[in-house]
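By letter and in written order, the chains are A, B, C, D, E and F; residue numbering begins at 1 in each of them.
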Amino acid sequence: MPTGLPAANSSVVTDDEGWVWAQIKAEARRDAESEPALASYLYSTILSHSSLERSLSFHLGNKLCSSTLLSTLLYDLFLNAFSSDPSLRSAAVADLRAARERDPACVSYSHCLLNYKGFLACQAHRVAHLLWRQSRRPLALALHSRIADVFAVDIHPAARIGKGILFDHATGVVVGETAVIGNNVSILHHVTLGGTGKVGGDRHPKIGDGVLIGAGATILGNIMIGEGAKVGAGSVVLIDVPPRTTAVGNPARLVGGKEKPSRHEDVPGESMDHTSFISEWSDYII
Amino acid sequence: MPTGLPAANSSVVTDDEGWVWAQIKAEARRDAESEPALASYLYSTILSHSSLERSLSFHLGNKLCSSTLLSTLLYDLFLNAFSSDPSLRSAAVADLRAARERDPACVSYSHCLLNYKGFLACQAHRVAHLLWRQSRRPLALALHSRIADVFAVDIHPAARIGKGILFDHATGVVVGETAVIGNNVSILHHVTLGGTGKVGGDRHPKIGDGVLIGAGATILGNIMIGEGAKVGAGSVVLIDVPPRTTAVGNPARLVGGKEKPSRHEDVPGESMDHTSFISEWSDYII
Amino acid sequence: MPTGLPAANSSVVTDDEGWVWAQIKAEARRDAESEPALASYLYSTILSHSSLERSLSFHLGNKLCSSTLLSTLLYDLFLNAFSSDPSLRSAAVADLRAARERDPACVSYSHCLLNYKGFLACQAHRVAHLLWRQSRRPLALALHSRIADVFAVDIHPAARIGKGILFDHATGVVVGETAVIGNNVSILHHVTLGGTGKVGGDRHPKIGDGVLIGAGATILGNIMIGEGAKVGAGSVVLIDVPPRTTAVGNPARLVGGKEKPSRHEDVPGESMDHTSFISEWSDYII
Amino acid sequence: MPTGLPAANSSVVTDDEGWVWAQIKAEARRDAESEPALASYLYSTILSHSSLERSLSFHLGNKLCSSTLLSTLLYDLFLNAFSSDPSLRSAAVADLRAARERDPACVSYSHCLLNYKGFLACQAHRVAHLLWRQSRRPLALALHSRIADVFAVDIHPAARIGKGILFDHATGVVVGETAVIGNNVSILHHVTLGGTGKVGGDRHPKIGDGVLIGAGATILGNIMIGEGAKVGAGSVVLIDVPPRTTAVGNPARLVGGKEKPSRHEDVPGESMDHTSFISEWSDYII
Amino acid sequence: MPTGLPAANSSVVTDDEGWVWAQIKAEARRDAESEPALASYLYSTILSHSSLERSLSFHLGNKLCSSTLLSTLLYDLFLNAFSSDPSLRSAAVADLRAARERDPACVSYSHCLLNYKGFLACQAHRVAHLLWRQSRRPLALALHSRIADVFAVDIHPAARIGKGILFDHATGVVVGETAVIGNNVSILHHVTLGGTGKVGGDRHPKIGDGVLIGAGATILGNIMIGEGAKVGAGSVVLIDVPPRTTAVGNPARLVGGKEKPSRHEDVPGESMDHTSFISEWSDYII
Amino acid sequence: MPTGLPAANSSVVTDDEGWVWAQIKAEARRDAESEPALASYLYSTILSHSSLERSLSFHLGNKLCSSTLLSTLLYDLFLNAFSSDPSLRSAAVADLRAARERDPACVSYSHCLLNYKGFLACQAHRVAHLLWRQSRRPLALALHSRIADVFAVDIHPAARIGKGILFDHATGVVVGETAVIGNNVSILHHVTLGGTGKVGGDRHPKIGDGVLIGAGATILGNIMIGEGAKVGAGSVVLIDVPPRTTAVGNPARLVGGKEKPSRHEDVPGESMDHTSFISEWSDYII
């Protein structure tokens, strides 16, 4: 019996995707005109391509290739994945928007597409994750290794990551095998979502929607960082953090105290307020 | 007077080395069959080689080469070192075993050989260290620089490192000139074994056998981390840590207190228990 | 009215620059003679060049190039910048001296020029910064991206950096858009000079002359680290630090107390004493 | 009115194409097993691909790329052409068969696919010709230039070439803009199908079906080499050659004389008999 | 006594050079707009450069580089030569005009600049010749070797070559050490200007102004091909050829006979008439 | 019973080899000193190596590598062959001497080693031939293909070639599968030793000791060019040429006539006299 639903069509470009791609091309065209020295780069990475998926596949293929993993092989792999799985493309678009909206240093969509190692590592991870789910694990791990070498971002291909993610600066991020990251999360550089030891199984953090994790925070074990929680820079977190609370320090404590912690805005992962908790952080006495 | 000992023969392959190499080839063959897209890579890095030392030399040569330090030069350098010094080979085998046994995300020996930047950086360091001891310092330092660029792992070529080492994730590890690391040690990413200032001489930490150092720990100065000690993630350690105790926090304190610190298992570097001390860490109050 | 000053001449080589370049060539010649395996590298990067600016441009061009940003383009860009702006050259010389004088592991000027990723990232940043000031922002950001990929050092091209800077080890350093770093500052690896959120404007730290910032310190917001102050390794600093005081811990506190903090030597950025404050850091109780 | 013809479908693989591709894979598999040093190459060029068009596109993309024309761009271009135009694929198959059947040194189809510069240059030319017909002339000429550099085979993209062509050895072949080559032609190395001067228009030779042209023959002007004719090695031909006759010498004369030239076999381009005319070549008197 | 002449200034761009460069940029801009796939290439090789000498230096540097002779080194070498010696630039312009005017397949100046291996080999030779005259012979010979490898054009760096030269197709051209080629000469592919044996000294042909040499002609020994002479394709010439006569055949004879050879147009090197002598070539009897 | 012969030892360096290698190093050292721009190249290809076999293996590995056949693989292959088979080394030395003694343009041994494509193609062919004899045919053919692409020299790996060979200029040389070339032969560029058709078996020329073959000569079929014979440039030879006679023309005739051909010097392959026969070549009538 017909469902009445439109046939799934992996190659349909959504309006949103189309709009972002049009922005990217317009930005690249403007930059190519104003800066001839960069025009060749902008044409090869963006302006010569007919779609975001082709541009991204080309760029990742050339960034991640090595003398033993050729760019043509990687390009093929990426293009296949991005062409056949529309959710990869919508996630990329959501991540582009996240960088553009949350990071004041992000001056354009094309700037993020070309230069943000966190964005690029995340998109490449999504493809590695797809391969992992397809039981193509050796290939997923080889891709993982290239991402870790090239971007110094080490996300295990089994880790599950939502949409609208900003890995800001990104260098040194480590995300373990059984970690899960929700939607609209912002994670700064040097953040670890690590395990607890040598026993396998579910052993890494679960990060709720809208969470903000400051630079250098270390979160270890199969614990829950609740929706909209905030983890201060440099914190070491080994126990669950309740939703919409802030954990700071080493070892981390809740701002406002364990019993009646302060509650803050709903989606710090989007509002990106890193430092509002200072006045409440009683020990802080410089 | 004859000693009755067999003549030293640098090219003898030990049983252990032979067994691991056979495993690696079997794993690579299986993966090449199941994943044609990776077969070329597996043949070039593993299956076309007649020994672990050739495979490793090829892989490191191609990973670490640049436009001014050619792969053929580095390959030659590595092959020479691994062929002539059997202790380099046995250390590599011990490190492969360490990763396979301690890291639940390490699914095979070949996975470690191909993809673990900590493993690869460590083997390349061992060769840089050999060059350093042979007073070929400019070459040792050039190699050191390539390792730091490619893997974001910065181990001074003079640092002495034991066997059975796991550098897990490895990005951001810094090990200073006069540091010493014992056997069966596990060190997570972003760990610093740093110096104390601009005066030369012996100024970096000494890490005893079986120590476990958590992610992002900073250990500074010519201090001793005793056998089987544990340093918690994110800790800042500036004073000796007694054997089989746990130091946590910034500044680090001993779990259980300075006077009667808790004692734990003998070899945390092997058991890899990162978080068991939580309940005893009194300040930790989320 | 004539000033009586000599006309500015961008191609004049200062005595200091000439002396350092002569040292570098002598060191490279000595190393090339003693180590034939490295001679080719030393000739291509140093000995074949007629000036420090050419050597540095060549080296950076080859280090930072990619398949889509060719070495010839980058070489041209660097050579243009270093040739036309003498302050870039004098800053490079001051940075070479800083490494040579402050880092006991720095055995020669050529060692720093060739191998110090902090030095190289900083010189490349200076050129990116020049491009930024010339409103060639897309090019500045593309260069920024290459520096972040290759050296894992992420300095926004708008950030202003003085002379005589030592980025020691350098991996993982992040410096935000509106950060300012004075002269004679020493910054260890994994240091973050970060922002406070998603609002633009002046939002990053200002680091006074002669400051020393230890490994892994995180300094966030538009705060002032006063002249000659010291920030301990792993500290998290969110409030101004007065001149010539030491802030340590997470959250950071002043050594000696908030009211009457201890004062130390004038230029810790030069004296590089990382650990002298330990005895005064009362909580430190291993 | 329906034609009764099957719909054109560019991605249908013909039986013939499928058979040859199966042969190639079987040969490559056999060779990879017997020669581990070559296995990586065989997997990357043949065994990792799902079709002849992908293998050929990969191989040509990697052979013809340069630092300014990247392999990913060329791969895309070739794959697009071979995927969308089945006549390109059937011509490639016919050329593979021609080499295999006519050249006793051609030991396998995969040998031709991988190693015959004449075969590879011809397939790349067919794509350049397609671009030319699509009025994408600058791209066609850039591809032409790469073919001429890499293979020393210089076929103008406008030249029209039939199927079942063997360019044996191929180095030094030059084919001008208005030249036409029929089906089942064999052309040895250093053969020129050249023009007559600086006036444009139709000015290059037309080579009939089944023609054989010996090494180093120079054929100039808008003349006709009739079906099944033979041109001896080293000949210089400036006037039409009648079908199934043999022209030899410099200047070329017909074997058997102008009035009653000897007739030979029908398709020398297939029978490849280079020297049977010797006894009739009266001047030949060593 | 002052001459009243303007001082020589090597960086002055002549009107002619400026006009051709403007044409080239306009052509490249038009092609980049119509063909996005080629735009990156056109920007990197032409449109990002401020002068013909920079574009040519970039293009040659990237074409001729190898893993042991880096593009940056060659770029520097070419740019130095073209910048300091205006005669190199005017010769390049004259050669561009020669191709554009004489070769009906040459559709634009940029087509010649980018794609004509004869043009590129000749400009690179001019730089090698400059090095030779400066007694930098090992470097001249290394460059010679790269030209011979990459373009299959083998011109000894000591050979002297005039202006307005067209090496059409160019593959296989060999020009010996003591050869001299005048102005406005056109030489087809596979032409040899060779020596006579193993004795040194002046032993190669001298080619007068305006000469046209057909494909595959072999001219051996210290003989004179007089001004405006024509050598037919495939000819073997071992004796002087008088001005404005035509030598054809193997061994070559004068068209019209030794005693009263036919005279033709003044500058066949420009008129490019390859075949007009046929009717007079009495032996030619197909 | 002992033979009295010294044991075969593949790694013994003969006096001759040692002497030539010492010359090469001395020449390279002199050139590196006088030309800093070339010093890097000279160190990487010659001065950093401990033996001729290592230098040659490095140079060939880097010249012949491609993105799918890595330099490390080829280097290994060459080094293995040259180390294990002393006859390859003595042939290389004999060929170096041949170039140095017979070619007045050959200014030094190192010039030949670095720059002579004929020399390099011949040494690489010798290794391909060794592989062929060891029944490693796919690898031999892959190497053959690289030599043909890179040097435009196409020698079938089965062809047997003696010692003291000079392939002068070399571009375009084609040598078929069953060809045999004796000792002390000199062969100019564009020479073909070709077959006769599509039937397999012994079908290519046999070239006696001391033969000289001029540029562009085409020799076809299983014929004998007798010891010390000379083949003029551009000749087409299809019948045996007796020892110490000269064949010239197209078709070739014997100088002096078929019945009583002129006899010349014993070893024209060494004396290299290309043109002495002119006066006797009666048809030659310019």
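Criterion: a residue touches a chain if its C-beta (ideal position, glycine included) is under 8 Å from a C-beta of that chain, and two chains touch if they have at least 3 such contacts.
According to UniProt, the chain labels map to these proteins: A, B, C, D, E, F = serine O-acetyltransferase.
Here the structure is a predicted model, which is why all the values come from computation and not from measurement.
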Shared interface partners, meaning chains that touch chain D and chain E: A, B, C, F
Farthest chain relative to chain B (centres taken as mean CA coordinates): E
Recurring contact interface, reference D-E, options C-D, D-F or C-E [over half identical by residue number]: D-F
Comparison of B-D and B-E by number of C-beta pairs in contact, larger one: B-D
Remotest chain, chain A as reference, centres from CA atoms: F
Chain A and chain C, separation of their C-alpha mean positions in angstrom: 29
Euclidean distance of C-alpha centroids - chain A vs chain E, Å: 55
Sequence positions of chain F contacting 2 or more other chains: 37, 40-42, 44, 48, 62, 67-68, 70-71, 73, 152, 171-172, 190, 216, 234-235, 250
Arrangement of touching chains [line / ring / star / complete / other]: complete
Complex contacts: residues of chain C adjacent to chain D: 67-68, 70
Footprint of chain F on chain D - complex, ascending: 31, 34-35, 37-38, 40-42, 44-45, 59, 62-63, 65, 71, 101-105, 107, 111, 114-117, 150-152, 169, 171-172, 188-190, 214-216, 232-235, 248-250, 270-275, 278, 281, 283-286
Residue ranges of chain F touching chain B (in the complex, touch as defined): 44, 48, 58, 61-62, 70-73, 75-76
In the complex with chain A, residue positions of chain E that touch it: 32, 36-37, 39-41, 43-44, 47-48
Touch list for chain B against partner chain C, complex: 66-69, 73, 77, 136-139, 141-142, 144-145, 148-149, 152, 154, 156, 171-172, 174, 176-177, 190, 192, 194-201, 203, 216, 218, 220-221, 234-241, 247, 250-254, 258
